[in-house]
Every structure is written in C-alpha cells, then in structure tokens.
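This is the structure, below, for whatever I ask next.
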Amino acid sequence: MNATRAQTYSPASVAALPWGRWSLRAVALIWLGLMIALPLAVLFEHGLREGIVRFWAEITNPLALAAVRLTIFAAAVMTLINAAMGTLTAYVLVRYRFFGSRLFNSLIDLPFAIPTLVTGVMLVLLYGPQRTLGAWLEARGAHVIFARPGIVLALLFITYPFVIRTVQPVLMAIEREQEEAAWTLGASRWQTFSKVILPMITPAIISGALLSFARALGEFGSIVVVAGNIPRSTLTAPVYVFGQIESQNQMGASAVSILLLALSFTLMLLVDWMQGKRGGGHVAR
Amino acid sequence: MMLKHDGTNLSVADVGQFAKLSHIIILALSFLAAAGCGGPSDSNSEATLTLGAYTTPREAYNKAIIPEFQRRWKAKTGQEVEFQESYQGSGAQSRAITSGFEADIAALSLESDVTRIAEAGQAGQPGQPGQPGLIRHDWQANQYRGIVSTSLVVIAVRPGNPLGVRDWPDLADLTRRGLKVLTPDPKTSGGAQWNIVAIYGAALRGYAGVPKGDPRAAREFLGSVLRNVSIMDKGARESITNFEKGVGDVAITYENEVLVGRQAGQKYDYVIPRSTVLIENPVALVDAYADKHGVRQAAEGFIDFLWTRDAQRVFARYGLRPVEPATAQEVAAQFQPAGDVWKIDFLGGWKKVSQDIFGPNGVYTKSFEELHTSP
Amino acid sequence: MSQDRALTGQEFELRPESRKRADRPKGLEWALVVLAILYPVALAAGPLFAIVWGALSSGFGAMMRQLTSPEAVNALKLTLLLSFAATALNTVFGLVVAMVLTRDDFKGRRVLNGLIDLPFAFSPVIAGFTLILLFGRNGWFVNLIDALNLRVVFALPGMLMATTFISLPFVARAVAPVLRHVGREQENVAYTMGAAYWRTFWSVTLPNIRWGLLYGVSLTFARAVGEFGAVLVVGGGVTRFTETATLYIYRSLDDRNEVGAYAMVLALAVISICLLWLMEYARKHAQDE
C-alpha cells in the first residue's frame, strides 16, 4: 500500500476545482468504463451467453486445451531463461563499467519499441530453412522456425527487457556497503551474490518473470508468423482464438479468451501484490 | 530528488506541446466522426466499389481486371470507379462480410462462403430475427451458376520432383512416413477445404489405393494424409509462400497458385493427381451493401465484365481456368491435361459437404481431432 | 493499492554515487559481461542485420521505389495517423487517470487501478474481437451505428479504438509514480496562494512530471505504431484504406514482394529506434532531476 495516505483537498483547492473533484473522477471513470469495462463486459456476455456448460465445453475442447497447454509451457520455458539471463544482464549493467555499457543500457528497451510482427519476420528471415543459418540448423535436425524453439525464441525477444528493468532499480538501491562488508568478511564474489544480493532481488526477479509470463500468454503478432499452427505442437492459444474468430466458432473464441484473460490478469494482480508487499520504493509524503 | 521549480520554469515548449496535443485530439475526434459517417462519397460521376475476395486471384484482379474495367466503364458511362480491395482467406473474408465488412462484391473460393453471406442476418441468426440476408437475389441464376473461374487441386513439389510424388497415395502416412505436407487451415481458407474434398473424393472414387465407394476407408486415407501435415497456414497464398521459403516437402494447393508463383520466378514443379476436384470460384453482388452505397449499377457492371472474353483471358493469364467456353478452348494449351476431374456435386454439393465433412461431426473435423488429441 | 511496477524503466531511486562505484570487470567477470552481451546479440542482431540485407538486396533504388509506392505511403500515413490520435487520446485521459489515482481518494479507486492494467492482459486479437462483438453487425451497438450511418468495424474508427485500447496504460503508469513522488506540497502551496486548479496544473504539476510524461508518451506511440493483431482482426485489410504499415508488411510477404516487406520493416525499425532514443532521453532526464 503506498504510503501516501489518503489526502483530502484543502478547502481552497476544492473551491479551485472547476466543477468539484467529481468532474475529474467522472472523466476518469467514464474513460476507463468505455474503453476497458465495456469490452470486458461484452466478452464475458458473449462467452457465457449459452450457459456455463457450453463455456466449459469450449475450454475443455481438446484442441483448445492443447493450445493453452502449449502456450503455458512455452511461456514457462521462456520465463525461466528470461529470469536467469535478465538477472545476469541487470547485474552486469549495474556493477560493471565497460565500453559501450551505456549504449547497451539504452538498447535494452528496443523490444518495447519494435512491432511484434517485425520480430517474427526477422526470426523467420534469419532462421528460416532457406537462409544459411536456418539451413545449417535444419541439416542438423534442429528445427527452429515452425517448431517450438521458434516460439520460445520469439517470446524471449519480446520480453527481454522485463526482468532486467525490474531488477535494475533494486540492485542499484542495494547499499554497496553490505556487499563490501561481505567481502571483508571473506566471502567470495559468488557467495556474496547468492547469500547477500540474491535474496534482496528475488522479489524483483519474480515480478519481472511473472510480467513476462503474462505478456507471453497473449503474444500473437510474432507467433503467427513464426509458428506452424499445428495443434499440440505449434498452435498457441492466441492463434487458436484467432482461428476461432475467423471460423464458425466465435463462442469458442470468447470462451478461451476469457480463460486467457483470467490467467493473465491473475498473474498481474500477483505481481501488484508482491510489489506492494515489498514496501515503499517511492518517497512517501 | 530536488524539485527545481519556481513557477517561471513552465517553458513555452510545454504549453505549446499541450496546445498541439489538444489540436490533435480535436482533429482525431472529428476525423473519427468523418471517417465513420456514411462511407465513400458517391455521385453520378464517381463511385467506389469495395471488393472482398480470397487470396489467390489477387494479381488477376489488382493488376489487370480492375484497371481494365475502370477504363471501359469510364468510356461507357463516364463514371470514375475507384476500388477498395481486400484479399484474405475465403472463409475469413466471408465472415468478415457477415460481421460488418461492407463489401459490394464478394469474390470467394467456394460456394458455401457466398451462401453464408446470402443467409447472414436472416431469421435464426442470434439477435437479428427476420432481417433479410445480405444477398437478396439468386446469384446463381446465370448460365455459369455464378462461377467465374475454375482451377484444380494439385500437388506442388520441389524442382525435379526428387521424392517422386505422383499421386494421392504418395502423401499418405502409410507409404511415406515423415513426408512433410503443407496445406492451409480449412477453418479460414477456402483452398484448404477444396484440398480436403479432393483427397476424400479421390479416395471414394477409388484412386487412392483404397476400396472404391467405401467411406470408412476414404476417411482413414484422409487421416493418413493429415498425419503428415506439418503446418496449416491461414490461407492458400500463405501456404504456398511458406513452401517457397523451403518449408515442407510438398504442398497441396490450387493449380493457379503454382502457376502464379512460377510467373513470379519461383521454381517448383507440380503434379496433377489422377483424380482431383474441379475448384469453382463464385462471385456475387452483395445487395445490402451495394444498395446502401448506391453503387449497384457499377457493381453489376463489374460482375458482368468478369464473364467477358477479355476478363476470362486475364484469368487464364494468371493461371485460372476460364469458364467461358470459347476462351477455355483458346487457352487449353496453357494447362496440363487432367485425368479424372469431378465436381463438388459428386459429394452432394457444398451444403452437404459443409455438414458432412467440415461440420462439428464431419469427417475432417473428427479425423483432425483424433489425430491431434490422442496421446 | 499497488506500487507501480518498474516495467517502464524508470530508475528514480538511482543515486549518483552507486553509478560511480561500478567497477571495471576483472578476469572471469569479463565472461559474465560477454555472456550478457552475446545473449541479446544472438537474439536480435542477426535478425536485424538480415532485415537490412533483405531490404537492400535489390538495391537502394528498388527499396525506395517500394517505399514510395502509393500502397506503402498510405500504409505509413495510416499508421502514423492512428498512432498520433491514439497517443493524443491516451495522453489526455492518462493524465486525468493518473491525477485521480494519486490525488484523490474514493471507494472505487482500487477498481480503477486494476482496470488500467487490463490492456496488458489482453491479447491484441481478443481486443479486436471484442470491438467486433460491440460494433459488428450482430453487436451491442448495431442499431445505434445504423441509425447514425457510421462505419466502425472494418473501418478507421474501429482501428483507432483498437489502437487506443492496447496502448492505454502507458501514460498513466508512467506518470502516476512521478506524481506520487513529487507530492502535493507545491500544489497545495499554489492553491493556498489562490491559484485556480488548471493554472496550478499547468504551472506546477505538469513541469514536474514532464519527463515521466514524455517517457509514457513515447512508449504509447511505439506500441501504437507496432500494433498488428488487433488491427488485423478489426481492420479488414483494405489496401490503401485500412491497411496499416504492419498489415502492409504481412500482405507484402504474401505477395512475394520481399523487398517491399523488408523495406517497410526497416522504416518501422527506424521509427522505433527514434522512439527508443526519445524514451531513453526522457528516462535519463528523469534521473537527473
């Protein structure tokens, strides 16, 4: 809970507000209501329109389940890799100074800026069977594009900044003194890291990991280009939903969408809760 | 964090930025209103036709037929016609039109996609009882039954056909384990539905090495081909371009996709199986939208144009087999001869096939589920 | 309810001293550095290079010809238009939401807070789908739309709504922590001195949050430019009219127009990198304050 206690307006400012504080509140609520609550409502209404039995049938449809399972599996694999590499990258950026480190730091946010479709196209270009690298890999039986590794690769690229950016601030805030104290007491660099630093940054790592996981659940633009859409092996849930939207079964699309949404949103609530528990990072007033 | 501010720090730039923002907002909102209202402006001197088509004839329409029509129509009536074209998988396009994509003309891959549009909004549709359909005339009334071009289901192979694929049995899991077959997803692609129909029908007719006239055997055969399918793209075009990129060993596709691809410089060969289905592509005027936009005359003119010798020649140029008899004769040499070619009537017509093969308990649906959900 | 996540890359807790204490790596530590750099290079540099190479494979002239064709130009124009409009809307309303979140207290605030994050949880395809459910021929608002003779889905308004939706949270989430951090002191001072609400907002609040705001705005714009799934579902892909840059790329690959596709990818990549520079610039300035 943020430490800014509920602050009431001073009498002067209430008078200063053109139509009272309600006007601003109303605008905010109407905006969010229209833009967010409405789509959410229509999705739920449509998905549950024919009753809970039909809803259940749709989400337990073998193909839907397979798609959701694959999505979760790919996202999980990606998250593990991301957590490890993200922590490493954040540590390297914070603790070391080397040529190009500032440039590197700036480039980290690149995946936020690049369209996901472009990511997919780039991956196919590089790892597709016709290209030199892809052909080389295919010859050795390593299928990347149109196979599961391709999916994980695309997800890794897109969620690259998440863990890094959640861990960096925490690492920087850690008192250098604690680390140095550990060294003077004879701990090795690794011991310092695992016993002193790691416990402190673990919540941040988990936050970043959960965020990237939630992001990966809904990823579409890169997957649709890079994966092969074969159920159980390369058909992810968002692409499955896409197929359902464009086919007879719009109810199936709504049902699985609701499921995906519930999953993602739960994860995000979890992240919020964790970050809240971590306590104030921001200066309170 | 030091807060350096003393009231005079508000730079001109900041205010300017916000003023610009407000202008943009006003612009955006009025733009939204303008773009939303009505639609393309129509007068007697100009009209805008919206074409909703499937992926395959993209070049034929975009590069030749539409420009030629625009020329002729202007000469004949003085009206300038502008075209808005959308090309995507036949099923997807059909559903887009029924969801609100206001196409004046629908040029799709198979009859049932047009039927869906015709029946859209009629009694029985959720929420809109009694509303008339989007197509209100008998679009199959002319001598061609509304079919504007034809093609065949063929098998595209690598140059020189290194795997020696000649016919349907070569694609089945029984004879060729590990063969990677490409075909699009029948949920969205009309071409994919034609592919499935071809395999199943050929098997039923005894050309697949399974007993003739035996639905179970045919279905098993279909399953054994499906087992080798490695990717299912959204549309026929996506499928063949993936094949070109080196994915897969063979691709089941339209004959004209292959021909267009070869025109574009792609190198692959193709074989026509001994028995295959005649792909018939319909075109229909979407009354509801054409009337709403006031472009009925131009739209009808365009559709009529499609059956003229010149337009049919264009279709042939882009690999589609013409329906107009004289043109078909003229270009016969361009196309490989085919053996046993049958129409969808053999399986009872599209209405029946939509249910029996692609319906919830259809042959394909069940085979597909079995394949991909068994442990 | 919650702290705002550091997802937006703000590092307001950075104390200048920590930065100076970064060492040069010694010995085995270089391995860590190299690993940390090689990883993204493997992920990204190869593909990026491949794009440049693909775009220029037929020569610079051919690439420019593709980029200046009416389809490409219209696609870019549409993308930029949609992005500007969506960003404008989200900036204004994002500011309002952030102000209400941090300066007001009422029962529904937690709900508000939760709602803002929802677009992050939506897959873009689902977002587009809900718009069709709302405004399509069988949708909730079909009668209203028919009565007003509007075209929403498969037309620009629908695409604008989709783009606005998926880029919604960034400004609010970027600005809220700054607002919280900055606190009410200065504003209250202004009020007690008799300043009106808007004057206070302009002269006191806005300048304090401008770097956070800039960061949020550039993130929003970047997200809007890159949108694909939602506009694919709700847009209809009509060339030159409802085809954005991303849809253009998707279609060009289908048309076997590889040079055209990669050229547009390059164009979008350049735009993205410019936005990235803007983001980093804003982030840095936010730190320095």
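Here the chain labels run A, B and C in written order, and each chain numbers its own residues starting at 1.
The rule is short, and it goes like this: a residue touches a chain if its C-beta (ideal position, glycine included) is under 8 Å from a C-beta of that chain, and two chains touch if they have at least 3 such contacts.
Predicted model only: the values in this text are computed from it and were never measured.
Colleague: Taking CA centroids for every chain, report which one is farthest away from chain A.
Modeller: Farthest chain from chain A, going by C-alpha centroids: B.
Colleague: Across all chain pairs, which one has the most C-beta contacts?
Modeller: The largest set of C-beta contacts joins the chains A-C.
Colleague: Taking each chain's centre as the mean position of its Cα atoms, how many Å separate chain A from chain B?
Modeller: Whole-Å distance between the two chain centres: 35.
Colleague: When the centre of a chain is set as the mean of its C-alpha atoms, what distance in Å lies between chain B and chain C?
Modeller: Their C-alpha centroids are separated by 34 Å.
Colleague: Between chain A and chain C, what is the gap in Å from one C-alpha centre to the other?
Modeller: Roughly 15 Å, centre to centre.
Colleague: Quick one: which residues in chain A touch 2 or more of the other chains?
Modeller: In chain A, the residues touching two or more other chains are 224, 283.
Colleague: Using the touch rule from the top of the page, what residues of chain B touch 2 or more other chains?
Modeller: Within chain B, residues 1 contact more than one other chain.
Colleague: Counting only residues that touch at least two other chains, what does the list for chain C look like?
Modeller: 12, 132, 139, 181, 253, in rising order.
Colleague: Can you list the residues on chain B that touch chain A in the complex?
Modeller: 1, 89, 91-92, 95, 185, 187-188, 229-234, 242, 245-247, 369, 372-373
Colleague: Where on chain A is chain B touching in the complex?
Modeller: So the residues of chain A touching chain B come out as 62-63, 66, 124, 128-130, 134-135, 145-146, 224, 228-232, 234, 243-244, 246-248, 283.
Colleague: What part of chain C is in contact with chain A in the complex they form?
Modeller: 1-3, 5-15, 18-19, 21-25, 29, 32-33, 35-37, 39-40, 43-44, 46-48, 50-51, 54, 93, 96-97, 99-106, 108, 112, 114-127, 129-134, 139-140, 161, 164-165, 168, 177, 180-181, 183-185, 187-188, 191-192, 194-198, 200, 219, 222-223, 225-229, 233, 246, 249-250, 253, 261-262, 265, 268-269, 272-273, 275-277, 279-280
Colleague: Okay, in this complex, where on chain A does chain C touch?
Modeller: 1-2, 4, 6-10, 12-13, 16-18, 21, 24-25, 27-29, 31-32, 35-40, 42-43, 46, 85, 88-89, 91-98, 101, 104-119, 121-123, 125-126, 131, 133, 153, 156-157, 160-162, 165-166, 168-169, 172-173, 176, 189, 204, 207-208, 211, 214-215, 217-221, 224-225, 237-238, 241-242, 245, 253-254, 257, 260-261, 264-265, 267-269, 271-273, 275-276, 278, 280-283, 285
Colleague: Write out the stretch or stretches of chain C touching chain B in their complex.
Modeller: 12, 81, 84-85, 88-89, 91-92, 132, 135-139, 142, 148-157, 160, 181-182, 186, 202-204, 206-208, 210, 236-241, 251, 253-256, 289
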